[in-house]
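Dropping the structures in below, format is structure tokens.
What follows is subunit A paired twice: with subunit B in the first complex and subunit C in the second.
Here is the complex of A and B:
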């Protein structure tokens, strides 16, 4: 309850600071959407050359992409930790966080909350809805419930992995190379995993389970494929919780190793 | 009751050794060597509730590291800490609700929003009721004279204004202990004085325990009944400020101006046996160093009896000099302090 109040307070403060720089706000929204648009465009180009990708039609792949955008938008809103190492470890702002009575990860997340990214989620939902219609899929009320469950699970998968990555900053002064690397890998999760070789598929499913952010839960709503990864869909919330707990544990362990900066 | 109880506290950092040159850097890439650096070396001290204690020492002596362990930011390597009855790093979230922290070098406030917005956010973080918050804020704003600053964003405040706001921010939840790490650094004398007076009042009226680190000894003289001095991670002095002065100031200095040329030899001959030393500055000026064992009046009567004097100035060594002297001699005075303390102990019992 306390945390819900705090979340609201921080978002209000975000609004107060950021809305004073209106141009900045819109540029961020626009560049976000353009980035997503480029990815979508890429999918469309691929399907100019082939009618199906590993047994997935264009509309299905776009559907998966639309689903992916929903948790991704939520994730970038609430886990905006790209500058964590620089700001909190190198400059030592973690000191301030640690002297306040709220969980430290939560405080860091709140201070960097970035609501404009939610627009991406909204666009994703629209894309999904359009594809849903185009594919002539049946719609049940409980589909919404499942969607909510999958989205939460997917956000937790992302959140867990990036919390763990940020926690590496507690151990090493400059773990700068690893975040872009993972960021690149995560993009693979948006496409049908059966187009990759076995190793990559295994990694994307169980090691860095980015497939649980895109294709696996999305396939639940689609027609069954030969390898039927949709069976795994129901595991999404479980994988999310497991990875988030792992990330949080590494974080909590890392905080004990925090050394502060300068005087 | 004790506000702070520290026993055999130690903090060790692992520091990577960087070898020289390109070949060294290449070696570091494959095989790293680490040095264990001990920033705080088994210190023990106790601070009762309601005390203002100064924590001084050179840069790198381990002051900030200690403060960070006391506030729960750093986890100690070994030793026991109890602050307000809590082990800071263990029950951090519960513990920090009853302490206030100000780091002079770092802002606690949000940069872009108005000061009052920061305060409101802190009210929610600390869970202070609206009624208490209003009363407390009004009180603090009045005492620190912040009235018209509250709506300005922090980035537009001067250092002095910001510092006063930082103090308010750290006190909104009415903490029992206030930790100040160099609270007056970079401030002008007016703001410094205002902050000192404020802290004194706070301590007197609300009984807030205050632990502050500083390089400005006037802070200590104005505020602290007690000083803990740190050197190279060890406590080299723990006690009253007056005692510190007596213990380490070696004597007084008396400057003489004579009416006619007075040779050094004559002066030395006059005061032979008193244990004083002379230094001739010019034909008419000389300075006498007087140890504490000798009475000023004795020395003065001898000198005035034998020479014609135009002016006399007695200079008591100030704290700055004493402390500079201690810092410079470093470990030597540590052992001196140790012997002094050992000698004192039986007397105390």
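Here is the complex of A and C:
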């Protein structure tokens, strides 16, 4: 309850600061959408030259991308930690956070909350709905429940991985460059994983489970494929919880070890 | 005077050298991206032998060389200029006896040299080990490619400078810079060769400078554009290089008249 009140206060604060620079807000939304648009455009062009990608049709791949956009938008809204190392460790803002009673990760996340990214989620949901209709998939009421469960699981997968990565800055003073590395790997998760070789497929499923953010949960709603990864879909919330607990534990351990940047 | 400019190249090169460790992870990132698109194109080709004049081997080479060329020509001149305008330090630059834009270009070139020697070349070697990249055997192709690569750098830097200069006119051109980056990556052909674009769009692209940054040189390197047509492509790059000078000089003139630095 206390955290819900805090959340609301942080969001109100955010709105006040952002309303001062309204033009920036819309430019940010626009450039986010352009970036997503570029990825979609890529998919559309690809299917001008091939009827299927590893056995997946155009509408199915776009459907997967639409699904991916929902957790991705939520993730960038609530886990906007790109500059954690620089702002909180190097500049010492972490010390300020630690003097307050609320959980430190919660504070860090809310100080950087970025609601414009939610528009990406909304666009993703629309894309998904259109493809749902195009593909003539049956719609059951419990599909919505499953969708919610998958989205939460997928956000937790992302959140866990990036919490762990941010926690690494507690152990190393210099920026490690590992965050952009992982950021680029996550691009692999948007396409059907069966087009990759065995090693990459294994990494994407179990080590850095980006496949659980896109193609695996989305395949639950689609027609079954020969390799049937949709069997794994129900594991999405489990993988999400496991990875988030791992990330949070590493974070808590890092905070305990944290000694401040000095002066 | 010229030696002063050359010194800017040298200084930037040495500064970059001090931070070279940051670029080792860059090589891995580019290899990861090349890998993603390699598998994607393999799946797109499927059974097909040739798509839009590219064989799969040529496409693999195209992906590898395009990303590695991006490793070379990429720079943050737009951000540097915008920051200097915003914090007012452009004023001190303006009173010095050199051309600000030329200095920026030289600094960009110093960064480019660094990126070429410590990023593009080792990156290309590594990528050739991992993926079935086929390098051209004719030394003339290499020579032509290197000339084209120089123009890739020049044209990309010109677009960056132009974007950066807009900070004189708008309070915050952050969004513009982000959009420019997306547009350059898409329209220059790093992600998809222009030949794959739908007809109307590739027709539009013929009239824009972006293809000169990646598509034209990479198509020559992979052998899709035969060597005797490559000279026309170089000609096109030169035309764009000259044409882009005009808006830069125009914006630069207008900007200096408007400049108003607060405090200092």
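Everything below uses one rule, namely that the second predicted complex is superposed on the first by the 261 of 263 C-alpha atoms of A that agree within 3 Å, B and C clash if a C-alpha of one lies under 4 Å from a C-alpha of the other, contacts with A are read in each partner's own complex, and residues count from 1 in each chain.
Operating definition for what follows: a residue touches a chain if its C-beta (ideal position, glycine included) is under 8 Å from a C-beta of that chain, and two chains touch if they have at least 3 such contacts.
Please read these numbers as outputs of a predicted model, since none were measured by experiment.
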Name the chain, either subunit B or subunit C, that contacts more residues of subunit A. C
Answer with first, second, both or neither: which of subunit B and subunit C does A:13 touch in the superposed model? first
Of the partners subunit B and subunit C, which touch A:99 in the superposed model: first, second, both, neither? first
With both complexes superposed on chain A, which partner does A:260 reach: first (subunit B), second (subunit C), both or neither? first
Name, in rising order, each residue of subunit C that touches subunit A in their complex. 22, 24-26, 28-29, 32-33, 35-36, 39-40, 42-46, 48, 51-52, 171-172, 174-176, 178-179, 182, 185-186, 191-192, 196-198
Over in the complex, which subunit A residues touch subunit B? Could you list them? 2, 5-6, 9-10, 13, 16-17, 20, 92-96, 98-103, 256-260, 262-263
Listed in rising order, subunit A residues that touch subunit C in their complex are 21, 23-24, 27-28, 30-31, 34-35, 38, 41-42, 45-46, 48-50, 52-54, 176-178, 180-181, 184-185, 187-188, 191-192, 195-197, 200
So in the complex, which bits of subunit B are touching subunit A? 13, 59, 64-65, 68, 71-75, 89, 92-94, 96-97, 99, 101, 103, 105-106, 108, 110, 112-113, 117, 120-121, 124-127, 181-182
